[in-house]
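Chain nomenclature is as follows: A, B, C and D, assigned in order of appearance, with residue numbering initiated at 1 for each chain independently.
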């Protein structure tokens, strides 16, 4: 029984981590059809921003929730202005450029900070369920994932930017037709996607090993989840994260982490074969 | 911080310019009497394994400078020809060929993972360049052209496991990186736990890119072990200690590891995530003897305060280098056969880790092993085990009897 | 000798639904060997959907299609093409990155040896009057010329039934005349179904006309009778009002 | 350029390439020869993706799946058979069969575009994960221990057909590898001028039109994919033979991405472009490791970004465009019509392919 609750928490944690990891990528991919291969490095930058500012004496929560998204958001806008905007509509070229960018960021961070950096401890501590112990921070991550999904939904649903974003998603020319400057829409979108990724990096910093190459461990999984989810940013990311997170965590508990990964990948292939347009296009056709 | 770092790098680059020769310059070096003796180095300076590679290369640079400051070797200066293998096996093979055929170095120190060693070892065997592998590894390499200076499981696991069991209890849960080092180390852990009357509850292996240990932590709690034996490796696996501590488990079940500290876990983790973890290696930066103090001071002076923690791979490389230098001195020439014979003669050096001798039948090092505990982001050495032989590899390898042997044995346990 | 009274193509109760929208409803349609039929109807009447079901680009929700006595509803486009049906789609559907000659040659060479294919290619190029632009990339041609290329690829495949969806769209008057000529020439040996809005053009070629309206067949008669029909006028008038 | 002239030119270039391969051991030192042997093996890999992506329109993110399978299949077969000749064929057949199964699953399942990319990428990850976790003793095929992350050391090198004791020398391995590269190049050229190749290109241009003309796009794509898989397998065989070593990093995502980079830099829709891009990047990456001033990742990242921004069409198409502009200028002056494209003039597609 207690084990069941702990397991359920693990599954929730797996889903929440995936949602946090993927949301930024999903926004950029869903709205701009840009596959950002530097996504993992944005995540890493978020973690570094958190760790560096926390080590410099900034309160850990401010470092994680404010500095990380702000810093990576600004990086995102700079990247969009200097690189991505020249490449719209050229899927492969953006992949190549963002791949180059990811190497560049890894190289820069290594040059500046070296190969290892002192991390920050996990805040909040643990709690007991019967004779099992689990981390309060896990619950915090779940709450943050819910909050993120909620905010993205509210923004898309109720704000002017959300309206523009939805219109752009359905038809890229729509924004222009509405008399808006698509350049700005794209810039803001890329910045927001990057900021959310930075937030995810900040949130994962206290529970991860932080090294310049850490992004590589996340990029493939995030990419597969986003594409498996389909074009609806929220419904797609949430449903694919829920599916893959559950499968991965349960398989990892029952067998080994290797098979957890392999089973996740196989289920992704089966999913794409059955629903070639992603989950959201099949089941949540008119959702956000 | 970043500016400092950059300044430091620039300084290092300038200082190193005369020492780490650009291969382009080397292409037309004449092999005259005063021509430098070329020594090859293949270590990852970028990519995931650079965390281990950078201190090794720093240590080698120091070793070269020391020998040169003392008048060189056989009257000739030494020069390090180093390539960044970029954490990529293909580069290892490429640069190994380059060192052997183009730069024509007299000895190579290199390789960090066993995969990289097995990629380049045959190249040096084929082109007859003596090869030093200075990192701790799973044991079993049996090759007269290769010298393995790092510790093997029999030298460290054998000490760590009984110590941890006598302190904490007999039921162990093993978590290890899913590759040969982890697999073989887990086997040795299992053997020593059983030999000491204990029990293994489960053994889990993790690919090097696993970062989420939630399900594993639940699984461990369900199994209720007395100790955790860890052979987790690399930056991603550092997450385990974090998530373990954040679940409040650190005060519940203690951890002993043969890998903790390899990528500076004890400094990158917070004290309350790492205090009390036991580890065993052939070297710790905190060793108190004078030789080590001098070595550490020189490295820190040479490379600044940013010199990362010095672990066994860096110290082992320094010693491997000095062993070869002693071998050349004793042989009186740089010829491969003569130097190998000298090294096989029981020649020893006193390095930062203590006395190091080449074991003739296995070409491994007889050396000290140490057991330490993490306290406040530092290792506190608890036990010293003098002159441990590579008894694991000795079970399968005898180069005196079979000098033509050339493979890595899997040791049946 | 071909039996000109035999049925070439027949659909029974053909229906196509997209979600809640019914694009074609209960269409029963018959075409004889070597017949020329024109389809007219306002935008959204279901003509293109009908063509897509015939050519295999869409699978009907219900109903049957028989071509030469063989059921083809839901068959893949290439299978239907191999049975002898060729289609020029509404939006020019050509190989933009290939030359004009290569476009035609690809079509001709499916069932012929290289020398025969080359001969057919030359004939078709001559017929569509693009011989002197044979080496140009199709993507570089004007819209009307790309229409010609597509018609050329259809001809080079030597189908027994040709579906032309708005062949005259975007053409100059001279080109429209030429298209009508070619259609009549083809019709000497093969059957055609032509969808067109241009009533001038329809008058030039039509014998029998089928009128589509709201996914169904409104009427089917000679061109004269159709033009005189009040319901047809209402449909087109209604369309104009709506527009 | 008339067709016969370009064919003649191609034959001259081919003869020059063969002569270059034959003379290389005379003029180059042994190390350089081994280095370019590696580049030749990698160039075959580049050609395999250059073919299926540039001419079949299939963007495969996981070409290393076939490369790696080729390498492993060769290693396992060579260790078990003793003779490498059969192992070479096993090293091509296994990835070809795998490509056939995967291709059937994808093309007949109507999976296209980015989804195809994701599936190929995922399959590569699965292979990497599985092979990576074969470190235990129980994972052996016959006499061959798979070895997990550490890979399989001491893979037998190529030997003279039928005589396992006659292991080839570096010069001979160079001849075999460079010969294979030329053979693959010529075979692909011939495929492209054949009816099959021209239809495949037509399908890349417009799948709907091709199917409406009676060609089954699924079948053509599948065949293109299988050919690409077999060639990538051959590259894996030669790569493994070059290093006498194979490890799971052969499946690495970074290598998959690198192949895409070679092709983009060299020029999509050409055959020579991927080869040039591959050699250029390999040479650069090798050179980077010899310098100590900058982090290797940093340098490579800057180079890639600069390429995308400054030379988006890739080396070969850009050169062709400049060349044809120069010719057109000359033609205008001389009033002569120099251009007469036609069937078989594959380079017509460059403008399109460079998109």
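Keep this in mind: contacts are C-beta pairs under 8 Å (C-beta built on N, C-alpha and C of every residue); 3 or more make two chains touch, one makes a residue touch a chain.
For clarity, every value in this text was computed on a predicted model and none was experimentally measured.
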Subunit C and subunit D share contacts with none
When A-B and B-D are ranked by contacting C-beta pairs, first comes A-B
Chain at the geometric heart of the assembly (C-alpha centres) | D
Farthest-lying chain, centroid of Cα atoms versus that of subunit C = B
Using the average of all C-alpha atoms in each chain as its centre, how far is it in Å between subunit A and subunit C?
-> 49
Computed distance of Cα centres, subunit D from subunit B, in Å = 37
Separation of the C-alpha centres, subunit B versus subunit C, in whole Å, is 75
In subunit B, which residues are in touch with two or more of the other chains?
-> 46-47, 178, 205, 207
What are the residue numbers in subunit C that touch two or more other chains?
-> none
Note: subunit D residues in touch with at least two other chains are 129, 132-133, 295-297
Which of the chains touch, listed as pairs?
-> A-B, A-D, B-D, C-D
Sort out for me which residues of subunit A touch subunit D in the complex.
-> 35, 37, 83, 86-87, 90-93, 95-97, 99-108, 110-111, 216, 220, 223-224, 227-228, 256, 258, 261-262, 265-266, 268-269, 272-273, 276-277
Quick one: in the complex, what on subunit C touches subunit D?
-> 55-57, 76-79, 81-82, 86-87, 89, 93-99, 101-103, 105-107, 109-111, 114, 134-137, 139, 150, 153, 157
Would you mind writing out the residues of subunit D in touch with subunit B in their complex?
-> 29-32, 34-35, 38, 129, 132-133, 135-137, 145, 147-151, 153-154, 242-245, 247, 249, 285-286, 288-293, 295-297
Hey, which residues of subunit D end up touching subunit A in the complex?
-> 59, 105, 109-112, 114-115, 118-119, 121-123, 125-126, 129-130, 132-133, 253-254, 257, 260-261, 264, 268, 294-305, 307-309, 312, 355
For the complex, which residues does subunit D have touching subunit C?
-> 195, 198-199, 201-202, 204-206, 208-217, 339-343, 345, 348-349, 351-353
